[in-house]
Amino acid sequence: MVATREIDLSGTGGRGDRTFRWLVIGAAALVLVILGLVAVTMTGRMGPVFDRMGLDFFTSKRWSPADRFFGALPFLWGTLYTALIALVLAVPVSFGVALFVTQVATPRIRKPMIYVLDMLAVVPSVVFGLWGVLVLAGPIQHAYEHIHDAVDGIPILQSIFGGTPQGRSFMTAGVILAIMITPIITSLAREVIETTPPSDKEAAYALGATRWEMIGAAVWPHSKAGLVGATMLGLGRAMGETIAAALVIGASNGQVTLNAFAPGNSMPAVIANEWGEADDLHKSAMIGLAVTLFVITIVVNLVASAIVQRSMQRGRGKP
Amino acid sequence: MSAPVGLATDLAAKPTWRAAKNTIMTCLMLGAFVLIAIPLVAVLWSLISRGAAVAFHGFPDFFTRTIPVVSRRAGPGMGPAILGTLLCTGGATLIAVPLGVLGAIYLNEYGAGSKFARIVRFMAMVMTGVPSIVMGLFVYVMWTMRFGYSAFGGALALACLMLPIVIQATEQMLRLVPNHLREASAALGATKSRTILTVVVPAALPGIVSGALLAVARAAGETAPLLFTVGAATAYNPHLFSEANTALSVQIFGNATSSFDAAQERAWGAALTLVLLTFVVTMVARVVTGRFALKR
Amino acid sequence: MATEHPASIEAKDKPRTRSLSHAPIPEIRPSMVEVLMNAEVVFEISNLDVYYGAYKAVRGVNLAIRKNQITAFIGPSGCGKTTVLRCLNRMNDLIAGARIEGKVHYHGVDLYGADVSPTVVRRRIGMVFQKPNPFPKSIYDNIAFGPRVNGITDRRKLDEIVEKSLRSAALWDEVKDRLKSSALGMSGGQQQRLCIARTIAVEPDVVLMDEPCSALDPIATARIEELMRELKSKYTIVIVTHNMQQAARVSDFTAFFTAEVDESGQRYGQLVEYDMTGKIFSNPKDQRTENYITGRFG
């Protein structure tokens, strides 16, 4: 005998639930809104300087606010060159540290090493800049002088290291940037290296390889692509770094030169240094620099992430 | 049966080029670590030797007195800068953390698989790569140009930097919450929002807190976003929305290039203060992760 | 061999040896039949098909679940038992692409009707899962969760409910001094009893159990079976189980499901036979049922 009775199963509390859903969707959409606004407002403000300069903005070497002439080439060069120097210095060191921490170090040493790397990552960039300009610049100039004398007469090296050594120069900026991006590259390199299948490593050892040979045979092939990605991520970070570079790069405009010891300027550095006394057109020009920097770093970061992602998936055995 | 003659010698380690190469490489790798540890030690050394003297001389003067308007003048303090850093970072945290957590809740709890969620997640990653100077200029255009310099402007700029970091860290933590907890809550008749707020988020909370603290430490040390939004006050300004303010990072940047020794000294003191602040916050974050958070 | 109640069979038959020939079969007495068949119908399942996307996972289920009885779903893996169970409290709604055709009537009301709220459904029809899943909260907060969801905030009332539920789940004496300690610190069997207490704290009408003992040792299992018999008087219980002996021990009605393969090679689940437990185990109508049951004792 089936009895029926009045059962009310209609909903209550649905409104609060729906409100919450819209709240979280809105919060997520905020990311898109902000990025969109950044793109729109910044490109809008760039207008004036591009009306005036056209593509010469990117190709001209002269940056002269007083003459209302803005050629950004020296800063593009400065950003690129300092980042390159930073990579040349940081990459071998980062890879070496990453390999040591993952392959050589016992768990007891590993912990304090990672501690050191973490502490390095926590120090604000302005503190590195401060140290660079007040502590490093002087002594490093002496070092430069020695190198300068040493390369006297040697063709290629002379063009790089042969100029009058300055404490605040591309080279010093490169050194400071290298110190700052090392923790990042190291951390990412560690992750990539750790996806090496243990079976490959064991195979190498079983054939009588030394540790270094095992690294070459098992770790390197698997990590190659990912390490490239890690490097590019470091590159992106080095290019975007403003403050430390601004303090030690020398703030000198107009130099597009291989001379690493010369003072120069980079896109973020010139913005930081010249903003205070800029008029509207000057500001528009600097916003133009900012947008250029934005686009370049985004592209580099995206390519890097894609490479790292793909390499880690392959390392885990996924197609 | 005895072992073949000479086996013991065959198996003994021999000095070969391969073995030597291995040792050299190991030394090089260790050397790389030493190389990177040196700047850390050097910076900490400078901070302590130059900064401690300034910061702790006549304690607590350095932390409470105002910044000398004439930078040539020797003496403390950095009080307004400390307040400014706290205002800007605190304000940014209040804006970015709730919004970031809510956004991450959408990505993990509501959005799984949807195209919108994938786009947002991708854009959040893009946003973490935006140079901080770009965010500073952005807020300059949107806020400072209309409303002038203020701590709030700084907070906005820092919030823009913090938001994607909080979203990514929180989403990772939410993902670690096992699904059977959500099922248990649903089976008891809890609505989705209730399940999220009373079961999922509390379970992920330590990780979320730690991620937020790391974002805070990062924001406290930023300079570029503040250069264009906060201004350069020397007196205390506890007002969030009106009038220029200052911050530790801005002061360090300004004083670093000053030709006056007194200003440079204050820069070191400010740097030490800032580093101590960020270190403490980072330590707390690591302790929270270590002891309370869900493990991978 | 003639015995009254499955529970007493259990008590007399230990320890079991390997050479058991028959599971204890509940004897059917005429008066029992009348009671069972006259019990009110709680769920009326008619021609139920369950789809996951385009895949028809369960086909043509017809079943009536009776009030204050224990109904067991038995059958091999992948035959749809859990799928059908989860339809009864709309938990399948949580799986993307899951939908039903056919009807599920709960006390005469269409459970999948247009203005039926799944959350309200789940407050009346509770569920205990295969693996105990207490919240990472205190024992007290676990039990109080359901009532709080229902709007009860008065501290004293909650205390009462917590004690009552824990007593009903035969857990009170073991945990009454540590209600504030974490639920995760209990053993598996205790955690499952906690989950049962948590489910009955909201005073549902029905308790669904999805293989509640499969993650537990035999002693914990026995305690939970005892609990089920006590809870029967207040709740309607539907249990999915892999363990035929458990079904025979504990349930009043048994539904035997099996997996079939259709013409295109697709596997699907189907209800084969549904009857009083005694009949299913002593005199099944379908050959497949008999094969399954006797196969266990081979």
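Labels A, B and C are assigned to the chains in the order they are written; within every chain, residues are numbered from 1.
Heads up, the rule we're going with is that a residue touches a chain if its C-beta (ideal position, glycine included) is under 8 Å from a C-beta of that chain, and two chains touch if they have at least 3 such contacts.
Predicted, not measured: the structure shown is a model, and the values here were computed from it.
By number of C-beta pairs in contact, chains A-B lead all other pairings. Among the remaining chains, the Cα-based centre furthest from that of chain B is the centre of C. Put simply, the chain nearest the middle, going by average C-alpha positions, is B.
Averaging C-alpha coordinates per chain places the centre of chain B 51 Å away from that of chain C. One finds 58 Å separating the Cα centroids of chain A and chain C. Remark: chain A and chain B have CA centroids separated by 16 Å (rounded to whole angstrom). Touching two or more other chains at once are residues 13-14 of chain A.
Within chain B, residues 191, 194 each touch two or more of the remaining chains. Residue numbers of chain C whose C-beta contacts span two or more other chains: 119-121, 124.
The touching residues of chain A, counted against chain B in their complex, run 13-14, 16-17, 20-21, 23-32, 34-35, 37-38, 41-42, 45, 92-97, 99-101, 104, 113, 116-120, 122-131, 133-135, 179, 182, 186, 210-213, 236, 239-243, 246-247, 268, 271-272, 275, 286-287, 290-291, 293-294, 297-298, 301-302, 305. Contacts from chain B toward chain C in the complex involve residues 113, 180-181, 183-191, 194, 198-199, 202-203.
Remark: chain C residues 89, 91, 94, 96, 119-124, 126-127, 129, 131, 133-137, 145-146, 148-150, 195, 198-199, 202 touch chain B in the complex.
Across the interface of their complex, chain A is touched by residues 18-19, 21-22, 25-26, 28-33, 35-37, 39-40, 42-43, 46-47, 99-100, 102-103, 105-107, 109-111, 116-117, 119-120, 123-127, 129-135, 137-138, 141-142, 160, 163-164, 167, 191-194, 196-197, 217, 220-224, 227-228, 249, 252-253, 256-257, 264, 267-268, 271, 274-275, 278-279, 282, 286 of chain B.
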